[in-house]
Structures are given as C-alpha cells and as structure tokens.
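One structure coming up, written as structure tokens, with questions to follow.
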Amino acid sequence: MKTSYRTAVHDALRDALRDDPHVVLMGEDVGRYGGTYAASKGLLEEFGPDRIRDTPLSELGFVGIGIGAALNGLRPIVEVMTVNFSLLALDQLVNTAAALRHMSGGQFSVPLVVRMATGAGRQLAAQHSHSLEPWYAHIPGIKVVAPATVEDAYGMLAPALADPDPVVIFEHVQLYNTSADVEALTPTDISRAAVRRGGTDVTLVAYGGSLWKAMDAANELSLGGIDCEVIDLRVLRPLDDDTILESVRKTHRAVVIDEAWRTGSLAAEVMARVMEGAFYDLDAPVARVCSKEVPMPYAKHLEQAALPQTANIVAAVRNLFGEQQ
Amino acid sequence: MPSLGADMDEGTLDEWLVKPGDKVTRGQIVAVVETTKAAVEIECWQEGTVSELVVPVGETVQVGTVLATLLEPGERAEKPSRKPPRPSKRAAAKPATAPSRAPSGAVAPPTVPQRRRWVSPAARRLAQSLAVDIDAVSGTGPQGAVTISDVEHAAATIEHVAASKEPATKPITKATAADRAAQMRKSIAAAMGRSKREIPHYYLAQEIILDNALTWLTTRNAQRSIDERVLPAVLLLKAVGVAAQRFGEFNGFWRDDAFQPATGVHVGVGISLRAGGLVAPAIHDVPDKKLDELMDNLSDLVARARSFSLRSSEMSDPTITVTNLGDHGVDAVFGIIYPPQVALVGFGQPAQRVCVIDGGIRVVTAVQATLAADHRASDGHRGALFLSAINELLQQPDLLEK
Amino acid sequence: MTDTKLAHELLSDMIRVRRMEEKCAELYSAAKIRGFLHLYVGEEAVAAGSLRALADDDAVVATYREHAHALLRGIPMTSIMAEMFGKQEGCSRGRGGSMHLFDASKRFYGGNAIVAGGLPLAVGIALADAMLQQKRVTACYFGDGAVAEGAFHESLNMAALWNLPVLFCCENNLYAMGTALEREHSQTDLTVKAASYRVPTLAVDGMDVEACHDAAQQGVDHVRDTGGPFFIEFRTYRFRAHSMFDPELYRDKAEVEQWRQRDPIRSFTQQCLRDGTLSDADVRGIEDSAAAEIEAAVAFAEAGTWEDVEDLERDVLTPPSEPEPMPEPAR
Amino acid sequence: MTEEDTRGVVLSVLTTIAPEIEPDDIRDDVLLRDQVDLDSMDWLNFLRGIHKRLHVDIPEADYASLRTLADVVGYVEKNGSKPVG
C-alpha cells in the first residue's frame, strides 16, 4: 500500500483523536484550512471545533494554553506552523513546559505534544526554512523526535501522546510528499535510533529530511566499494548513544549529516559523543555535512547550495578514506 | 625535517643538541634524527638564536616538518608560542624541498606544513595490541594518517618476517638492528626501484692500470705512521671528484625533467653496513681537499655510518656516488644510480693482469672502473671521456695530492 | 462589618503573610534564604481578600511574588519555609525556591517567574476544565508589568474567544520592577485593555481587604456562572523593594510613606476594633498564633535535609513507572 | 702483559670494528678475513686500533704477513713495547 508521509501524519492524528477523547489538536489553521501542510484535512468535520481548535496567531499563547491543558488532564497536540514561528513560543516551551516538572519537585508533568514543520528546500527563504531542532534538543525536560519515514510519521505520535512529558515532533517539509509502501501503520518507539541500512565501512548519522540524502549517498558510495551504515537518529533528545556508538565501533568512521547550521549543532553533539564514547575505535576524524552558515536564501540554486546534498555527503565520506580510495 | 634522500619520508627526533635561547651558527649540529637509514645529525643552515623547539624528542615527523624555529640575529620573539601553520592536505603528503633551500628563520622551510604524525586512535590501539611499532608503519589514510588497515598490513608483514626468523612474535621496539635493517631494506628497495624505473642507465667500463698510483702511495705511506697512511680508495675518490668537476654533466641532479648541475663536487661513498644495508654519505668538496683530509673524512664517515650517526648534509648532499667492491674480490661493479643523482662510478678489485703495453707483454696491477650514468643527462661519448679522465688522473698521482 | 468570622480570617491571613514575609527578609539577611526574594508586604489585602473567594478545588496560577498565595491556598508555612531554605522537605523539594512554590494537591500551579508566563498556562488549565466539564475557576495572578506582555493579550483574547473560566487577577502595584505604570503603559487604566477583549472587568482598591474580597467574589461568581473569564484590577502597592537587592531609586520615599498610611493591615485592624468586630485580644491572638506558626516553620526548615546530589537529575522527565491520572472527559 | 692479555686486547679491537662477531668463535689459525667481514678500511682501522691500544707500529710492508689472529698476537708480542699504565 503506497502511503504518503502526509497521509501518515494525518492518519496518526485521526487515530489518536479517535482513540482518546482527551486528545485535542490546536494550532493555526488546523481546522477549516485543513492544516498548513494538509495534515489535518477533514478532522474538523469528524471531531468538531472543540477538539480541532483553530487558534489565533498567538504561538506563545496557544502553546502555553496547550501546556496548561496538558497539566489539567487533556492530551493536546499543538501544531506550530514552522519551527521559525515556534521561536515566539520558545518561552513557554523552555521556561514552562520543560522546567515545570523539575521546578515543582516532580509534582507536575506536562504531557504535551508539539508538532512543527522544519527544514528547507521549498524556496521559502530565511523565515520559514530553518532547522532549529537542535535548539530544542538542547533542553532537558522535553523529548525531541524527527520522523523521517512514513512509518515513523504515523508511528511516533501515539507514543508521544502516551509520554507523560513534553514531546516535540519535527516534520521536515520535504517529507510530506514522499511515499513508501507500507503494510500497516502501527505505533513505533520514541527512544531508539534506527539502522536504516547496514554497512561495514563508515557510519552515516542523519535524521529527518537528511536521512534520504544520506541513503542516496550510501547507494552511490556502494558502487565505489564503500559500504555505508546509515543511522536514522529518530530521537534527537535524548540521543540514543548506544546505537550510534555500536555502529561506529564497527565501522571506525562516522559522518554526521544535519541540515542545521554546524556551529553548536546536533551534528556537533553527535560528534562529541562519538569522540567521548568511541575515540579509540575511530580510524578517521568524525566528519559532518551541515548547512552553510547563511540565513536560507530564496533563489533555488543558492538554497540548494546552502543545504547538505548527496554529493557533499559522498565527498565527505570519500575524504575519510583519503588515499585508500 | 630535512629530506636526506629521495627515499626518506620521515624521521624521528632522537635528541636536541640545542635549546631555546642558544645561539647557533651555520653548519652547527643541532639535533640527531633517527631515519630508516641511520641516526643522522641535523645541521642548521642559518645563523641565529633558537626560538622554539617545535618537535619534541621521540616524535616521528614527516619530511618538511618544521623542527625548530630560529630568530635572526637582532630579531625578537613575537609571541611565546607561535603555532605553526596548519598543514594543508596537498603539501603534507609531498616530500619537502632540500633544507639548503630553507628560508631564513627556520631549520626547515616553514612554508611546508608541520604536524604531529597522524595515527588514528583505532590504529594506535590496534598497533599496541598487535605489538606493532606504530612509528614504523607508513600511513595511507587521509593526509597520510596511519589507519587500521595500515597497521594490519604492517602486522602481517612482521608476522611473516617473524615466522621466517624467530618462532615468537616479539614486540618490535624502535631501532632494533633487525628492524632498522628491515626498514633500510625497504628504503633501498624504494630508491633503487625508482632508479631503475625512472633512470635510463648506460654502462661503460675501462681498465685502469694502478701501478703508478700504488707505487706512489706505498712510498708515501712508508714515511708515515699508521694513523697518517692513506688507502688506495682515497686516490680513486679524489680522481673521480676531480674528473667530475671537469665533466659537469655527471655531477648533479635530474629534477623536474631537467638536469641541474651541482655547484660543488660532493662524492657519495657507498658504505655497506655490518647489519646489512648500505648508505652513501657524502664527502664534501672532494676536488678541493688534500689526500690526508680525504682520508680523515673517509675514516670518520665509515665509522659514523656504522654507528648510525651521520649528519644530515652527508646524507642528502652527494652529487655523484663512488662504490668500491674491490675488497670483496669482484672484478667490476655496474651500479644503480641513487636518484636524483645522475652518475655512479664503480671500482672492482685491483689485481695483477697481463697487459700489452707498447707492443710488449707486462704484468700490471689494474682495476676495472665502470660508469653507470643517466642517459637523460649525458651521452656515452662524454661518459667515455669522463672515465678516461679518471684514468689519466690516476696515472699522475702526485697531481692528486694537492 | 457583621461577619466576625470572615473578618478574623481576613486579618489573620494578612498578618500571617506580613509576619512571614518579614521573617523571610530577616532570614535572607542571615543568608538562610538565597536567590531572588520578592516580598508581598503592602499587598496582603489582595491575596487575602481574593483567595478567600475561591473554592477548594479551584486552581491558582501565581507569579514569583507568590508566598502569600501559596500560604493562603493552604500550603503549610513549614514546607514553604523549607522550600525557601532549599530543603527537600520544601513544597517543591528544594528545586524551586522562593519563586517556584508548587502544590499539586492544592491545585497551586506555581510561582511562574516569567512575567506573564502564567497567563497562557491558566487559560489552558481552564480550557481543560471547560472541555472536561469541571465547573472550576482558575485564578491567575499577575502584575501590571505582565499586561504589557504579548502573552497577556494572547491569553485574554483566547480566554474570551473560547469562553474559558479564568479569573484574571491583576495586582497593579504601580511598578513593573522599577518602571512606573505611566512609563510602561499608554493606557494606564488596565481594565480598558481587558475590556477590549470583551472580558468583564472590575477595578478595586487593593489596600482594602474587604473590597478585594467582594470584588473577587463577584468575579468568581461570574466565572462560575458563565464559564467565561473575568478581569479584576487590584490597585495596590508594595512597601518593600522589588526584590531584596533594590535601592529603590525609581520612587520617592514620600510616596512610599504616603501608601504606608494606607497599610491594609493597620487600617483593617483599626476598622475592626473601631466597629467592634474584633477585640484587642483577637488581634493579639492572631499575632501570637502567627509568631508561633513562623517559629515552627523556621524550625522545620532548619531541621530539613538536603537532597542527595546523586538525585540531581531526577524530576527532569517522568520516570517510566509513574502513571498519569486522567479524569473522565466529556463526550 | 701476557700473550693471553694481548690476545684479549686484539679481540677487543676487532669487536669494535666488527661488533657482530662472537670473540670466542674466532680461531687463532684461520685467516681473519675468512672469519670476519673486513674491507680495507676495516683492516686499516683494526691495525690502527692495535697501534693505539698496544703501541705497536705496523709498517704497511708488514700488512701482508698479518693474516690470522695468531699472526697478529705474535707480531704484537714480538714488536710491541710495554703498555703504559
């Protein structure tokens, strides 16, 4: 059954709303408009305006309301249109959602799910294209996930809702139109990274929209005799060190692919952990492929040049093999 | 780290003979470096004050790595520890230029990147567990780094050697005789392989009658104590040196597709080492030296070659090489040129021969002199003249005395 | 004044708060309490009057100047004091301190130290109550400074838009830290702002505990009746500095002195004595009882223990075993 | 100095020139050049060493007579002056 990522997100929302009357979807244009990325099309009709709640353009307000509602018995799913807009709500997410359980001495957990679109590639320029999920991954007290596959687009929502703590889900804008053949959509875990492709020579660590570029690079490199293992981080916080380190201990090399800017990035964090946990297993410096450090430009060729591309990943991997290749 | 030969990629700093603040003069020996061939004393080519010893003792660095920085007379230290420029990928893998071309202020050219030898952490750990001497492993990874596969390769080689020599795989420590011999073998193999691949050799031979020379030398030595006596080899050396001065196309280097004549005549002397292997360090300015001085130089050179303590310039400077296998009974030696030199003169055993001279038969003491030369730099005709010049010089030994 | 019991309670509430705050100042000077310490001295009538209007299962969201609210919502002074000492017997296990007093059992959602940070939270709590058909009120306290924040406007807008049961309690003490009301608001009548979102409003003398109580009662009744929001502006004044380390360069001593003349405790005491609602003995009894409560609280805090550093990283995320209580929603 | 002492010194000189040899294995009556790898420079250095250690002057004309260890020891015994200190 060919299923698109968008449909998987939609079905996950629908099933969550069906399964649990505490679940509420709120956000800008989630109702009548059907969701900015059409992920909630038809849900208003099925569940009504109380549970499919169009909000004013008040990110700080409605994210905070989601926190309060979660504190008081609901299971809200708050959709923020893009990660760039979520900066308006950062205060509520960081200062309240993430901190509340701790500063109340364990009395108040916040079972909130926040979904947002992230990433570039659609010529949306410098206020709608960034990958700021590493900022969220920095924050103790929240979990951050990035479904890259159709299976995860569906499967991660249910465990996120079941989680007693805030979970932020990042959906890369380029993935909504991707499809895959899936037997059945079922809940997946939100604790482990996944090995998407087994290999022996080098570990490619990617997540979200970059996963498929890494997979393409792995296919290309396999023609040249380099056997890549590709890890999909899936969970950006807390990071699944075990899966990463186990792979690097086997391959002795790692390239991290992260669409965010490299400075202070999740890529930097993964590299640091590889260094801490597998230094003596490394046969080459850990490399990374990140976005160029510019606000995302509008012009297509510039946007593409700013983003990690398959060719960059291939080059970074080849570089690790130096003269051996 | 100066390049002391075409086959030298790296060296290990054994000892610093100067410290920051010391004044150094041109030609002063400032350090001892362990190479695959020998422990070599490193000369400094600038005058000045030692600013910083960049490479610590025990470290193995690539040729071209800055070993130390100097301040020119009057110059003051900029910053307490100026970091050297980061290595660039291209340059790191390239052998450095000769130290004589180093700009002022550094023992080696500062434009050539320097860095600690790169060994991947995993390779280092593997080497430890396999008892492989990591310093002896050459790197094929990015920018010359030693990787796991390099160590595995080295381990396989050691095992092979060990299997043929000793039953147990003993940890190989640096500079054991066997290890050094193995490394030297590799170096010689590399240099000679390159020579035979690249240099179109031609060979000429000529019998040289030594009666005049030997008689003259015996008389000369008879008046001297054993410490002042001169070996016949020295006469041959001088004759080659003087001839090479006249025939410049045999004295110099083939570099970048062109012959570069050398300014002085520094004759490399092939010295076989007792543990096996060969070095050919230079005696400098042979045509300008008296026989006694050459004899002293030669004794000294042989002694130091065999104790693995040659100087950098001796290793890198030869402009032409002489090899003498006469002591071991061979009649003639057709040598392989040591790149980037362009000529090698060989001598066999001086022996009594029956010879027709002026229509009469005479018994003479003669030696087979041979020339192996690079046809890119010279032609056989000139080679013949060059050999003849050596012959003529040996017929008038008193002219070689001065 | 006819209701002796209420008068006794209101005076007692104010005096307990006043004496506790004074003790906190002393303990701060003795370095027993650290961090920021924002005292409520002068504003007692607001908390005392308004919180008495709430039912036990109503929710409270407060600010970083929330000792009074915590105490008067029933959090024992012992655990408040222990919290300020940083002891694990504190109401937030020593993780919160003065600005982050919490008690789930009292539906006290904390001291939120981000100005206006509590407003969206309160609206969300009210949203859940509304959707789960709990006829409960969420009282949300904030200062005049919060009214300038976007969160205030977003929250009032949505509370009104979605008709949510929030009692917005603006404690207007005339200063956003050191910035006077007229220097931070183009419209200094804050009820006008709330009214612009079609939220019913009331402004009241925050130095008059009875007026505060009456206003709050009116507001609570409205919220409970309509299920929609209500806004009260309590016009009050803090007698002490914003926090402990504040030389108060932004206001005249004369102004402070003028407000002190309207001390809510003194004026209410005098009134009660004058009209015979309370006797001298009643007042003395309240003072003695407050002193004893404070003494016990300090002793409790002193005797409290420090949490093991090994437990440092607990309570960041919920341990897997802990089940979430979930009330039955409306269908 | 006994002949045995002289022999010891000669062997010691020889081992400095050719460190790889085992002195016990050197036979007195077999040609030295057949037992030890010595070129003309080594030979000269060997004789120089004997000259220095045992104070024996060896003219070049006598080189040819020194072929075995016994020859050398004998030559030293015959021509040597007593060592100083």
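Order as written gives the chain letters A, B, C and D; numbering starts at 1 within each chain.
In this text, contacts are C-beta pairs under 8 Å (C-beta built on N, C-alpha and C of every residue); 3 or more make two chains touch, one makes a residue touch a chain.
Quick caveat, the model's predicted, so the values are computed rather than measured.
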Moving only to chains each one touches, count the minimum steps from chain C until you reach chain D.
3
Leader among chain pairs (count of C-beta contacts)
A-C
When the centre of a chain is set as the mean of its C-alpha atoms, what distance in Å lies between chain B and chain C?
89
Chain A and chain C have mean C-alpha positions lying a whole-number Å distance apart equal to 40
Distance between the centres, which are taken as Cα means, of chain D and chain A, whole angstrom
85
Whole-Å distance, chain B centre to chain D centre, using C-alpha means?
31
If you look at chain C, which of its residues touch at least two other chains?
none
What parts of chain A, by residue number, touch at least two of the other chains?
none
Which chain D residues reach two or more other chains?
none
How are the chains arranged in terms of who touches whom: line, ring, star, complete or other?
line
Applying that definition of touch, give me each pair of chains that meets it.
A-B, A-C, B-D
Spell out the residues on chain B that touch chain D in their complex, using ranges where they run on.
218, 221-222, 225-227, 229, 231-233, 272, 274-275, 298-299, 302-303, 326-328
Contact footprint of chain A on chain C as seen in their complex:
59, 61, 90-96, 100, 102-104, 109-110, 112, 114, 117, 119-129, 131-132, 150-151, 154-155, 157-158, 161-162, 314-318, 322, 324, 326-327, 329-331
Touching residues (chain side chain B, partner chain A) in the complex:
93, 120-125, 140-145, 147-149
Mind listing the chain A positions that touch chain C in their complex?
21-22, 24, 50, 53, 55-56, 58, 60-74, 76, 91-92, 95-96, 100-109, 111, 140-141, 143, 163-165
Where on chain D does chain B make contact in their complex?
18-20, 37-41, 44-45, 47-48, 51, 57-61
